[in-house]
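Pasting the structures here.
In the two assemblies presented below, subunit A is common to both, partnered first by subunit B and then by subunit C.
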Partner chain A sequence: MKESLMDILCDPLDKSELELEVDERDGEEIIEGRLVGTVTGEVYPIEDGIPNLLPPDMREE
Partner chain B sequence: MTDLADRRGVETAVYQPAEDSRLLADAAVEHARGLTLEVGTGSGWVAEQVATETDARVVASDVNPHACREARDRGLDVVRTDLVAPFRDDAFDTVCFNPPYLPTDPENEWGDWMERALSGGESGRAVLDPFLDSVGRVLAPDGRVLVLVSSLTGFDEVVERAESEGFAVEEVRQESYPFETLSILLLE
Partner chain C sequence: MGILENKSRARLFYKYLSKIYDRVNPFIWNEEMRAEALELLDVERGDRVLDVGCGTGFGTEGLLQYTDDVHGLDQSAHQMQKAFEKFGRRDAVNFYRGDAERLPFRDDAFDVVWSSGSIEYWPNPVTALEECRRVTRPGGQVLVVGPNYPESSVMQKLADAIMLFYDEDEADRMFEDAGFEEFRHVTMGPAYNPDIAITTVAAVSE
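For the complex of A and B:
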(Lines of atoms letter the chains of each structure in order from A and count residues from 1; the text may use other names and numbers.)
(Lines give C-alpha, C1' and ligand atoms only; values in the text may rest on other atoms or scores of the structure.)
Protein backbone atom coordinates (compact mmCIF):
# COMPACT_ATOMS: atom_id res chain seq x y z
CA MET A 1 0.00 0.00 0.00
CA LYS A 2 1.08 3.53 -0.63
CA GLU A 3 1.85 5.46 2.53
CA SER A 4 -0.53 8.19 1.33
CA LEU A 5 -3.46 5.79 1.90
CA MET A 6 -3.08 6.62 5.61
CA ASP A 7 -5.03 9.82 4.83
CA ILE A 8 -8.20 7.83 4.10
CA LEU A 9 -7.91 4.77 6.36
CA CYS A 10 -9.30 4.38 9.86
CA ASP A 11 -9.95 1.64 12.38
CA PRO A 12 -12.97 -0.35 11.08
CA LEU A 13 -14.14 -0.93 14.65
CA ASP A 14 -14.60 2.66 15.81
CA LYS A 15 -13.31 4.90 12.95
CA SER A 16 -10.43 6.14 15.13
CA GLU A 17 -6.91 6.80 13.85
CA LEU A 18 -4.47 4.07 12.87
CA GLU A 19 -0.73 4.08 13.44
CA LEU A 20 1.54 2.67 10.73
CA GLU A 21 4.42 0.38 11.66
CA VAL A 22 6.69 -0.54 8.75
CA ASP A 23 8.85 -3.68 8.50
CA GLU A 24 9.62 -3.43 4.79
CA ARG A 25 9.12 -0.64 2.28
CA ASP A 26 9.91 0.06 -1.36
CA GLY A 27 9.92 3.86 -1.69
CA GLU A 28 6.34 5.08 -1.07
CA GLU A 29 5.07 1.49 -1.03
CA ILE A 30 4.66 -0.32 2.30
CA ILE A 31 5.25 -4.03 1.65
CA GLU A 32 5.17 -5.53 5.14
CA GLY A 33 4.08 -4.06 8.46
CA ARG A 34 0.93 -3.39 10.39
CA LEU A 35 -1.70 -0.81 11.20
CA VAL A 36 -2.52 -0.45 14.87
CA GLY A 37 -5.71 1.09 16.24
CA THR A 38 -4.68 4.03 18.44
CA VAL A 39 -7.82 3.57 20.55
CA THR A 40 -8.71 -0.12 20.18
CA GLY A 41 -5.13 -1.46 20.12
CA GLU A 42 -6.27 -3.84 17.37
CA VAL A 43 -3.46 -4.94 15.01
CA TYR A 44 -4.17 -5.11 11.26
CA PRO A 45 -1.44 -6.82 9.23
CA ILE A 46 0.02 -5.52 5.95
CA GLU A 47 1.26 -8.48 3.90
CA ASP A 48 2.59 -8.40 0.33
CA GLY A 49 1.54 -4.75 0.14
CA ILE A 50 -2.11 -5.40 1.08
CA PRO A 51 -3.46 -4.12 4.39
CA ASN A 52 -6.04 -6.47 5.91
CA LEU A 53 -8.54 -4.13 7.54
CA LEU A 54 -11.24 -6.70 8.13
CA PRO A 55 -12.61 -6.49 11.66
CA PRO A 56 -11.13 -9.27 13.84
CA ASP A 57 -14.32 -11.41 13.74
CA MET A 58 -14.11 -11.63 9.91
CA ARG A 59 -10.39 -12.18 9.61
CA GLU A 60 -10.25 -15.96 9.98
CA GLU A 61 -11.68 -16.69 6.54
CA MET B 1 -27.28 -17.45 -16.88
CA THR B 2 -29.48 -17.03 -13.82
CA ASP B 3 -28.34 -20.18 -12.09
CA LEU B 4 -25.47 -19.74 -9.67
CA ALA B 5 -23.88 -22.99 -10.77
CA ASP B 6 -23.90 -21.80 -14.39
CA ARG B 7 -22.44 -18.46 -13.48
CA ARG B 8 -19.73 -20.14 -11.50
CA GLY B 9 -18.09 -21.54 -14.63
CA VAL B 10 -14.64 -22.99 -14.19
CA GLU B 11 -13.41 -23.45 -10.66
CA THR B 12 -11.85 -20.18 -9.62
CA ALA B 13 -11.69 -18.09 -6.48
CA VAL B 14 -12.07 -14.70 -8.17
CA TYR B 15 -14.97 -13.38 -10.29
CA GLN B 16 -13.67 -12.52 -13.75
CA PRO B 17 -14.90 -9.58 -15.90
CA ALA B 18 -18.30 -10.20 -17.51
CA GLU B 19 -21.20 -8.16 -18.98
CA ASP B 20 -21.91 -6.52 -15.63
CA SER B 21 -18.26 -5.51 -15.21
CA ARG B 22 -18.18 -3.95 -18.68
CA LEU B 23 -21.38 -1.97 -18.03
CA LEU B 24 -20.04 -0.62 -14.72
CA ALA B 25 -16.65 0.22 -16.23
CA ASP B 26 -18.32 2.11 -19.08
CA ALA B 27 -20.39 4.22 -16.67
CA ALA B 28 -17.50 4.68 -14.26
CA VAL B 29 -15.14 5.93 -16.95
CA GLU B 30 -17.76 8.58 -17.80
CA HIS B 31 -18.76 9.58 -14.25
CA ALA B 32 -15.87 8.84 -11.89
CA ARG B 33 -13.73 11.73 -10.76
CA GLY B 34 -11.39 12.62 -7.93
CA LEU B 35 -10.50 9.98 -5.40
CA THR B 36 -12.43 6.87 -6.45
CA LEU B 37 -13.05 3.64 -4.54
CA GLU B 38 -14.16 0.42 -6.17
CA VAL B 39 -15.75 -1.83 -3.55
CA GLY B 40 -15.71 -5.57 -4.34
CA THR B 41 -13.16 -5.10 -7.08
CA GLY B 42 -12.75 -8.83 -7.77
CA SER B 43 -10.17 -9.21 -10.53
CA GLY B 44 -9.57 -5.44 -10.40
CA TRP B 45 -10.54 -5.04 -14.03
CA VAL B 46 -13.13 -2.24 -13.56
CA ALA B 47 -10.82 -0.27 -11.24
CA GLU B 48 -8.02 -0.65 -13.77
CA GLN B 49 -10.24 0.75 -16.57
CA VAL B 50 -11.06 3.79 -14.44
CA ALA B 51 -7.41 4.28 -13.48
CA THR B 52 -6.19 4.13 -17.07
CA GLU B 53 -9.07 5.94 -18.83
CA THR B 54 -9.69 8.85 -16.42
CA ASP B 55 -7.80 11.28 -14.20
CA ALA B 56 -9.36 9.71 -11.09
CA ARG B 57 -7.05 8.32 -8.45
CA VAL B 58 -8.33 4.80 -7.75
CA VAL B 59 -8.35 2.62 -4.64
CA ALA B 60 -9.73 -0.93 -4.85
CA SER B 61 -11.11 -3.11 -2.05
CA ASP B 62 -12.41 -6.64 -1.63
CA VAL B 63 -13.21 -9.03 1.21
CA ASN B 64 -11.63 -11.93 -0.74
CA PRO B 65 -7.84 -12.25 -0.28
CA HIS B 66 -7.43 -13.90 -3.71
CA ALA B 67 -9.22 -10.96 -5.35
CA CYS B 68 -7.02 -8.51 -3.43
CA ARG B 69 -3.89 -10.18 -4.78
CA GLU B 70 -5.22 -10.30 -8.34
CA ALA B 71 -6.13 -6.59 -8.20
CA ARG B 72 -2.75 -5.69 -6.74
CA ASP B 73 -1.05 -7.59 -9.56
CA ARG B 74 -2.73 -5.09 -11.92
CA GLY B 75 -0.85 -2.32 -10.12
CA LEU B 76 -3.83 -1.07 -8.09
CA ASP B 77 -3.82 0.24 -4.51
CA VAL B 78 -5.75 -2.49 -2.69
CA VAL B 79 -7.23 -2.77 0.79
CA ARG B 80 -8.93 -5.88 2.17
CA THR B 81 -12.17 -4.67 3.75
CA ASP B 82 -15.74 -5.36 4.73
CA LEU B 83 -17.47 -2.87 2.37
CA VAL B 84 -16.42 0.68 3.41
CA ALA B 85 -15.76 0.03 7.12
CA PRO B 86 -12.07 1.12 7.32
CA PHE B 87 -12.38 4.34 5.31
CA ARG B 88 -12.64 7.78 6.85
CA ASP B 89 -15.71 9.98 6.71
CA ASP B 90 -15.97 12.07 3.49
CA ALA B 91 -12.90 10.29 2.01
CA PHE B 92 -14.08 9.64 -1.57
CA ASP B 93 -15.42 11.67 -4.48
CA THR B 94 -16.69 8.51 -6.22
CA VAL B 95 -17.54 4.99 -5.04
CA CYS B 96 -18.28 2.17 -7.54
CA PHE B 97 -19.76 -1.22 -6.70
CA ASN B 98 -20.84 -4.28 -8.68
CA PRO B 99 -22.33 -6.21 -5.77
CA PRO B 100 -22.97 -9.92 -5.46
CA TYR B 101 -26.63 -9.85 -6.44
CA LEU B 102 -27.99 -13.24 -7.46
CA PRO B 103 -30.87 -14.34 -5.22
CA THR B 104 -29.79 -17.62 -3.66
CA ASP B 105 -31.64 -20.38 -1.89
CA PRO B 106 -29.86 -20.80 1.47
CA GLU B 107 -30.14 -24.59 1.00
CA ASN B 108 -28.09 -24.33 -2.17
CA GLU B 109 -25.19 -22.19 -1.01
CA TRP B 110 -21.78 -23.77 -1.27
CA GLY B 111 -19.76 -21.47 0.96
CA ASP B 112 -16.66 -20.61 -1.07
CA TRP B 113 -15.22 -17.32 -2.36
CA MET B 114 -17.03 -17.55 -5.71
CA GLU B 115 -20.34 -17.80 -3.91
CA ARG B 116 -19.41 -14.71 -1.90
CA ALA B 117 -18.74 -12.94 -5.21
CA LEU B 118 -22.13 -13.89 -6.69
CA SER B 119 -24.73 -14.52 -4.01
CA GLY B 120 -26.91 -11.72 -2.71
CA GLY B 121 -28.66 -14.01 -0.24
CA GLU B 122 -32.35 -14.88 -0.50
CA SER B 123 -33.39 -11.35 -1.55
CA GLY B 124 -30.37 -10.67 -3.75
CA ARG B 125 -29.78 -7.58 -1.61
CA ALA B 126 -27.92 -9.06 1.37
CA VAL B 127 -24.75 -7.13 0.50
CA LEU B 128 -26.28 -4.25 -1.43
CA ASP B 129 -28.50 -3.04 1.45
CA PRO B 130 -25.66 -2.67 4.00
CA PHE B 131 -23.60 -0.98 1.29
CA LEU B 132 -26.35 1.59 0.61
CA ASP B 133 -26.73 2.15 4.36
CA SER B 134 -23.01 2.81 4.91
CA VAL B 135 -21.61 4.38 1.73
CA GLY B 136 -22.88 7.90 2.48
CA ARG B 137 -20.50 8.19 5.43
CA VAL B 138 -17.35 7.85 3.26
CA LEU B 139 -18.57 10.14 0.45
CA ALA B 140 -17.38 13.72 0.20
CA PRO B 141 -20.30 16.21 0.32
CA ASP B 142 -20.59 16.37 -3.49
CA GLY B 143 -19.61 12.73 -4.00
CA ARG B 144 -21.39 10.15 -6.12
CA VAL B 145 -21.97 6.41 -6.17
CA LEU B 146 -22.19 4.14 -9.21
CA VAL B 147 -23.84 0.84 -8.43
CA LEU B 148 -24.94 -2.04 -10.63
CA VAL B 149 -28.46 -3.38 -10.17
CA SER B 150 -30.00 -6.44 -11.83
CA SER B 151 -33.71 -6.88 -12.38
CA LEU B 152 -33.22 -10.17 -10.49
CA THR B 153 -32.28 -8.14 -7.43
CA GLY B 154 -35.38 -5.93 -7.51
CA PHE B 155 -34.77 -2.62 -9.23
CA ASP B 156 -37.53 -0.72 -7.42
CA GLU B 157 -36.46 -1.98 -4.00
CA VAL B 158 -32.89 -0.78 -4.59
CA VAL B 159 -34.02 2.66 -5.80
CA GLU B 160 -36.32 2.99 -2.78
CA ARG B 161 -33.51 2.03 -0.38
CA ALA B 162 -31.10 4.53 -1.96
CA GLU B 163 -33.70 7.29 -1.82
CA SER B 164 -34.42 6.52 1.85
CA GLU B 165 -30.69 7.08 2.47
CA GLY B 166 -31.07 10.56 0.99
CA PHE B 167 -29.67 9.94 -2.49
CA ALA B 168 -31.04 11.32 -5.73
CA VAL B 169 -31.11 8.35 -8.11
CA GLU B 170 -30.52 8.41 -11.87
CA GLU B 171 -30.25 5.39 -14.16
CA VAL B 172 -27.24 6.07 -16.42
CA ARG B 173 -26.92 2.69 -18.18
CA GLN B 174 -29.32 -0.14 -19.00
CA GLU B 175 -28.81 -3.35 -20.94
CA SER B 176 -31.15 -6.30 -21.33
CA TYR B 177 -30.08 -9.93 -21.46
CA PRO B 178 -32.25 -13.05 -21.85
CA PHE B 179 -32.82 -13.51 -18.11
CA GLU B 180 -32.13 -10.11 -16.59
CA THR B 181 -31.82 -6.40 -17.21
CA LEU B 182 -28.70 -4.74 -15.83
CA SER B 183 -28.71 -1.08 -14.82
CA ILE B 184 -26.14 1.31 -13.47
CA LEU B 185 -27.53 3.78 -10.96
CA LEU B 186 -25.82 7.08 -10.26
CA LEU B 187 -26.54 8.17 -6.68
CA GLU B 188 -25.81 11.73 -5.64
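For the complex of A and C:
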Protein backbone atom coordinates (compact mmCIF):
# COMPACT_ATOMS: atom_id res chain seq x y z
CA MET A 1 0.00 0.00 0.00
CA LYS A 2 1.06 3.55 -0.66
CA GLU A 3 1.99 5.54 2.41
CA SER A 4 -0.24 8.41 1.23
CA LEU A 5 -3.30 6.18 1.83
CA MET A 6 -2.91 6.96 5.54
CA ASP A 7 -4.88 10.13 4.68
CA ILE A 8 -8.04 8.13 3.96
CA LEU A 9 -7.66 5.03 6.17
CA CYS A 10 -9.07 4.63 9.67
CA ASP A 11 -9.74 1.88 12.19
CA PRO A 12 -12.74 -0.13 10.89
CA LEU A 13 -13.97 -0.68 14.45
CA ASP A 14 -14.34 2.88 15.74
CA LYS A 15 -13.10 5.02 12.81
CA SER A 16 -10.26 6.42 14.92
CA GLU A 17 -6.79 7.05 13.52
CA LEU A 18 -4.32 4.32 12.66
CA GLU A 19 -0.58 4.37 13.20
CA LEU A 20 1.69 2.92 10.52
CA GLU A 21 4.57 0.64 11.47
CA VAL A 22 6.84 -0.30 8.58
CA ASP A 23 8.98 -3.46 8.35
CA GLU A 24 9.74 -3.28 4.63
CA ARG A 25 9.19 -0.55 2.09
CA ASP A 26 9.91 0.08 -1.58
CA GLY A 27 9.88 3.86 -1.97
CA GLU A 28 6.32 5.05 -1.32
CA GLU A 29 5.02 1.44 -1.17
CA ILE A 30 4.73 -0.29 2.20
CA ILE A 31 5.34 -4.00 1.55
CA GLU A 32 5.29 -5.42 5.07
CA GLY A 33 4.24 -3.86 8.34
CA ARG A 34 1.11 -3.14 10.29
CA LEU A 35 -1.54 -0.56 11.02
CA VAL A 36 -2.30 -0.13 14.70
CA GLY A 37 -5.50 1.41 16.08
CA THR A 38 -4.50 4.41 18.19
CA VAL A 39 -7.62 3.93 20.36
CA THR A 40 -8.49 0.22 20.03
CA GLY A 41 -4.89 -1.06 19.98
CA GLU A 42 -6.01 -3.51 17.29
CA VAL A 43 -3.23 -4.64 14.93
CA TYR A 44 -4.00 -4.87 11.20
CA PRO A 45 -1.20 -6.54 9.21
CA ILE A 46 0.10 -5.35 5.83
CA GLU A 47 0.84 -8.56 3.93
CA ASP A 48 2.78 -8.42 0.67
CA GLY A 49 1.58 -4.86 0.14
CA ILE A 50 -2.11 -5.50 0.92
CA PRO A 51 -3.45 -4.08 4.19
CA ASN A 52 -5.73 -6.56 5.96
CA LEU A 53 -8.32 -4.32 7.59
CA LEU A 54 -10.79 -7.08 8.37
CA PRO A 55 -12.09 -6.67 11.92
CA PRO A 56 -10.54 -9.31 14.22
CA ASP A 57 -13.74 -11.41 14.33
CA MET A 58 -13.53 -11.90 10.55
CA ARG A 59 -9.89 -12.91 10.24
CA GLU A 60 -9.07 -16.37 8.92
CA GLU A 61 -9.12 -18.97 11.62
CA MET B 1 -31.98 -18.02 7.08
CA GLY B 2 -29.58 -18.34 4.17
CA ILE B 3 -26.28 -20.01 4.82
CA LEU B 4 -24.34 -16.96 3.63
CA GLU B 5 -25.71 -14.98 6.53
CA ASN B 6 -22.91 -16.58 8.48
CA LYS B 7 -19.83 -14.60 7.47
CA SER B 8 -17.25 -17.30 7.97
CA ARG B 9 -19.31 -19.61 5.77
CA ALA B 10 -19.46 -16.82 3.19
CA ARG B 11 -15.67 -16.74 3.16
CA LEU B 12 -15.48 -20.51 2.69
CA PHE B 13 -18.07 -20.33 -0.09
CA TYR B 14 -16.02 -17.66 -1.89
CA LYS B 15 -12.83 -19.63 -1.46
CA TYR B 16 -14.26 -22.36 -3.67
CA LEU B 17 -16.36 -20.13 -5.91
CA SER B 18 -13.34 -17.98 -6.82
CA LYS B 19 -11.68 -21.00 -8.40
CA ILE B 20 -14.30 -20.95 -11.17
CA TYR B 21 -15.86 -17.50 -10.86
CA ASP B 22 -14.27 -15.68 -13.78
CA ARG B 23 -14.13 -18.71 -16.08
CA VAL B 24 -17.72 -19.79 -15.59
CA ASN B 25 -19.32 -16.63 -14.30
CA PRO B 26 -22.55 -18.00 -12.87
CA PHE B 27 -24.31 -14.66 -12.84
CA ILE B 28 -25.76 -12.63 -15.66
CA TRP B 29 -23.61 -9.55 -15.31
CA ASN B 30 -21.83 -8.75 -18.53
CA GLU B 31 -19.83 -5.93 -20.10
CA GLU B 32 -22.93 -4.31 -21.64
CA MET B 33 -24.67 -4.16 -18.27
CA ARG B 34 -21.50 -2.87 -16.63
CA ALA B 35 -21.20 -0.11 -19.25
CA GLU B 36 -24.86 0.84 -18.73
CA ALA B 37 -24.33 1.06 -14.96
CA LEU B 38 -21.16 3.15 -15.36
CA GLU B 39 -23.08 5.60 -17.55
CA LEU B 40 -25.45 6.29 -14.64
CA LEU B 41 -22.54 7.84 -12.73
CA ASP B 42 -20.68 11.10 -13.16
CA VAL B 43 -17.14 9.83 -12.70
CA GLU B 44 -14.55 12.35 -13.79
CA ARG B 45 -10.92 11.62 -14.45
CA GLY B 46 -9.03 12.00 -11.18
CA ASP B 47 -12.04 11.10 -9.03
CA ARG B 48 -11.30 8.72 -6.18
CA VAL B 49 -13.56 5.69 -6.49
CA LEU B 50 -14.08 2.71 -4.16
CA ASP B 51 -15.26 -0.72 -5.37
CA VAL B 52 -16.85 -2.47 -2.36
CA GLY B 53 -16.72 -6.24 -2.70
CA CYS B 54 -14.49 -5.96 -5.77
CA GLY B 55 -13.96 -9.73 -5.90
CA THR B 56 -12.22 -10.79 -9.08
CA GLY B 57 -12.17 -7.19 -10.33
CA PHE B 58 -14.84 -7.12 -13.05
CA GLY B 59 -16.40 -3.86 -11.81
CA THR B 60 -12.95 -2.48 -10.99
CA GLU B 61 -11.93 -2.95 -14.61
CA GLY B 62 -14.89 -0.83 -15.75
CA LEU B 63 -14.14 1.93 -13.24
CA LEU B 64 -10.55 2.16 -14.54
CA GLN B 65 -11.98 3.28 -17.89
CA TYR B 66 -13.17 6.46 -16.16
CA THR B 67 -10.51 7.32 -13.58
CA ASP B 68 -7.04 6.27 -12.46
CA ASP B 69 -7.71 6.54 -8.72
CA VAL B 70 -9.49 3.24 -8.07
CA HIS B 71 -9.61 1.41 -4.73
CA GLY B 72 -10.86 -2.17 -4.30
CA LEU B 73 -11.99 -3.78 -1.05
CA ASP B 74 -13.01 -7.40 -0.49
CA GLN B 75 -13.17 -9.72 2.48
CA SER B 76 -11.85 -12.66 0.50
CA ALA B 77 -8.17 -12.87 -0.46
CA HIS B 78 -9.01 -15.82 -2.71
CA GLN B 79 -11.48 -13.73 -4.71
CA MET B 80 -8.99 -10.89 -5.01
CA GLN B 81 -6.23 -13.19 -6.24
CA LYS B 82 -7.84 -13.03 -9.70
CA ALA B 83 -7.92 -9.24 -9.49
CA PHE B 84 -4.23 -9.20 -8.52
CA GLU B 85 -3.43 -11.26 -11.62
CA LYS B 86 -5.25 -8.71 -13.80
CA PHE B 87 -4.04 -5.46 -12.25
CA GLY B 88 -1.02 -6.36 -10.12
CA ARG B 89 -1.05 -6.17 -6.34
CA ARG B 90 -0.04 -2.54 -6.14
CA ASP B 91 0.04 -0.93 -9.57
CA ALA B 92 -3.21 0.29 -11.12
CA VAL B 93 -5.50 -0.34 -8.12
CA ASN B 94 -5.20 0.08 -4.36
CA PHE B 95 -6.49 -3.13 -2.78
CA TYR B 96 -7.62 -3.76 0.79
CA ARG B 97 -9.08 -6.66 2.69
CA GLY B 98 -12.02 -5.46 4.71
CA ASP B 99 -15.67 -5.75 5.69
CA ALA B 100 -18.37 -3.83 3.77
CA GLU B 101 -20.25 -3.24 7.02
CA ARG B 102 -17.22 -1.79 8.80
CA LEU B 103 -15.27 0.13 6.16
CA PRO B 104 -11.73 1.19 7.12
CA PHE B 105 -12.04 4.62 5.48
CA ARG B 106 -12.57 8.10 6.86
CA ASP B 107 -15.76 10.09 6.31
CA ASP B 108 -16.06 11.66 2.82
CA ALA B 109 -12.93 9.86 1.56
CA PHE B 110 -14.36 9.02 -1.91
CA ASP B 111 -16.10 10.85 -4.75
CA VAL B 112 -17.96 7.70 -5.79
CA VAL B 113 -18.59 4.33 -4.17
CA TRP B 114 -19.51 1.41 -6.45
CA SER B 115 -20.57 -2.10 -5.56
CA SER B 116 -21.64 -4.77 -8.04
CA GLY B 117 -22.61 -8.33 -7.25
CA SER B 118 -21.83 -8.02 -3.55
CA ILE B 119 -24.93 -6.77 -1.70
CA GLU B 120 -26.59 -10.18 -1.90
CA TYR B 121 -23.86 -11.52 0.39
CA TRP B 122 -24.04 -8.77 3.00
CA PRO B 123 -25.66 -10.04 6.21
CA ASN B 124 -26.83 -6.51 7.07
CA PRO B 125 -27.19 -4.58 3.80
CA VAL B 126 -28.52 -1.41 5.46
CA THR B 127 -25.41 -1.21 7.67
CA ALA B 128 -23.16 -1.58 4.64
CA LEU B 129 -25.14 1.04 2.68
CA GLU B 130 -24.79 3.45 5.63
CA GLU B 131 -21.03 2.87 5.49
CA CYS B 132 -21.00 3.55 1.73
CA ARG B 133 -22.81 6.83 2.38
CA ARG B 134 -20.44 7.80 5.21
CA VAL B 135 -17.26 7.36 3.14
CA THR B 136 -18.69 9.25 0.12
CA ARG B 137 -18.26 13.02 0.10
CA PRO B 138 -21.31 15.31 0.03
CA GLY B 139 -22.38 15.67 -3.59
CA GLY B 140 -20.86 12.30 -4.47
CA GLN B 141 -22.67 9.16 -5.62
CA VAL B 142 -23.19 5.59 -4.47
CA LEU B 143 -24.10 2.92 -7.04
CA VAL B 144 -25.16 -0.59 -6.12
CA VAL B 145 -25.86 -3.36 -8.62
CA GLY B 146 -28.15 -5.83 -6.91
CA PRO B 147 -28.64 -9.55 -7.27
CA ASN B 148 -28.52 -11.01 -10.71
CA TYR B 149 -30.32 -14.24 -11.28
CA PRO B 150 -27.95 -17.05 -12.32
CA GLU B 151 -28.17 -18.59 -15.76
CA SER B 152 -27.75 -22.25 -14.95
CA SER B 153 -30.47 -24.15 -13.14
CA VAL B 154 -27.99 -25.52 -10.61
CA MET B 155 -26.86 -22.00 -9.70
CA GLN B 156 -30.51 -20.86 -9.64
CA LYS B 157 -31.28 -23.44 -6.99
CA LEU B 158 -28.20 -22.39 -5.04
CA ALA B 159 -29.15 -18.73 -5.43
CA ASP B 160 -32.67 -19.31 -4.21
CA ALA B 161 -31.34 -21.18 -1.21
CA ILE B 162 -28.63 -18.82 -0.05
CA MET B 163 -28.93 -15.36 -1.53
CA LEU B 164 -30.97 -12.32 -0.86
CA PHE B 165 -33.02 -11.11 -3.81
CA TYR B 166 -34.93 -7.86 -3.63
CA ASP B 167 -37.35 -5.79 -5.67
CA GLU B 168 -37.69 -2.00 -6.03
CA ASP B 169 -39.86 -1.66 -2.90
CA GLU B 170 -37.27 -3.48 -0.83
CA ALA B 171 -34.51 -1.38 -2.39
CA ASP B 172 -36.47 1.79 -1.46
CA ARG B 173 -36.68 0.62 2.13
CA MET B 174 -32.98 -0.30 2.35
CA PHE B 175 -31.70 2.97 0.87
CA GLU B 176 -34.11 5.06 2.99
CA ASP B 177 -33.12 3.21 6.15
CA ALA B 178 -29.46 3.83 5.26
CA GLY B 179 -30.16 7.58 5.19
CA PHE B 180 -30.25 8.25 1.46
CA GLU B 181 -32.78 10.89 0.39
CA GLU B 182 -32.29 10.91 -3.35
CA PHE B 183 -31.94 7.74 -5.42
CA ARG B 184 -33.36 5.89 -8.40
CA HIS B 185 -33.44 2.31 -9.60
CA VAL B 186 -32.74 1.00 -13.07
CA THR B 187 -33.35 -2.61 -13.96
CA MET B 188 -31.08 -4.13 -16.54
CA GLY B 189 -30.28 -7.43 -18.15
CA PRO B 190 -29.93 -9.23 -21.47
CA ALA B 191 -32.73 -8.86 -24.06
CA TYR B 192 -34.37 -12.14 -23.09
CA ASN B 193 -34.58 -11.12 -19.46
CA PRO B 194 -34.18 -7.34 -19.16
CA ASP B 195 -35.11 -6.99 -15.46
CA ILE B 196 -32.64 -9.44 -14.05
CA ALA B 197 -30.46 -6.96 -12.17
CA ILE B 198 -31.46 -3.95 -10.14
CA THR B 199 -29.06 -1.02 -10.11
CA THR B 200 -29.57 1.82 -7.67
CA VAL B 201 -27.75 5.12 -8.01
CA ALA B 202 -27.95 7.39 -4.97
CA ALA B 203 -26.79 10.95 -4.40
CA VAL B 204 -25.09 11.83 -1.12
CA SER B 205 -26.66 15.04 0.24
CA GLU B 206 -24.60 18.23 0.25
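Note that the second predicted complex is superposed on the first by the 60 of 61 C-alpha atoms of A that agree within 3 Å, B and C clash if a C-alpha of one lies under 4 Å from a C-alpha of the other, contacts with A are read in each partner's own complex, and residues count from 1 in each chain.
In the analysis below, contacts are C-beta pairs under 8 Å (C-beta built on N, C-alpha and C of every residue); 3 or more make two chains touch, one makes a residue touch a chain.
Note that this is a predicted model, so its numbers are computed, not measured.
Of the two partner chains, subunit B and subunit C are each touched by A:I50. By the touch criterion stated above, A:V36 is placed in contact with neither subunit B nor subunit C.
Once the two complexes are laid over each other on the shared chain, residue contacts for A:K15 go to subunit B and to subunit C alike. Applying the stated contact rule after C-alpha superposition, one finds that A:M58 touches each of subunit B and subunit C. Subunit A residues in contact with subunit B (one complex) as well as with subunit C (other complex) are 1-2, 5, 7-12, 15, 44, 48-55, 58, 61. Listing the residues of subunit A that touch subunit C in their complex gives 1-2, 5, 7-13, 15, 29, 44, 48-55, 58, 60-61. Contact residues of subunit B toward subunit A in the complex are 35, 59, 63, 65, 68-69, 72, 77-82, 85-89, 91-92.
Note for the complex: subunit C touches subunit A at residues 7-8, 11, 48, 75, 77, 80, 89-90, 94-99, 102-107, 109-110.
Residues of subunit A that touch subunit B in their complex: 1-2, 5, 7-12, 15, 44, 48-55, 58, 61.
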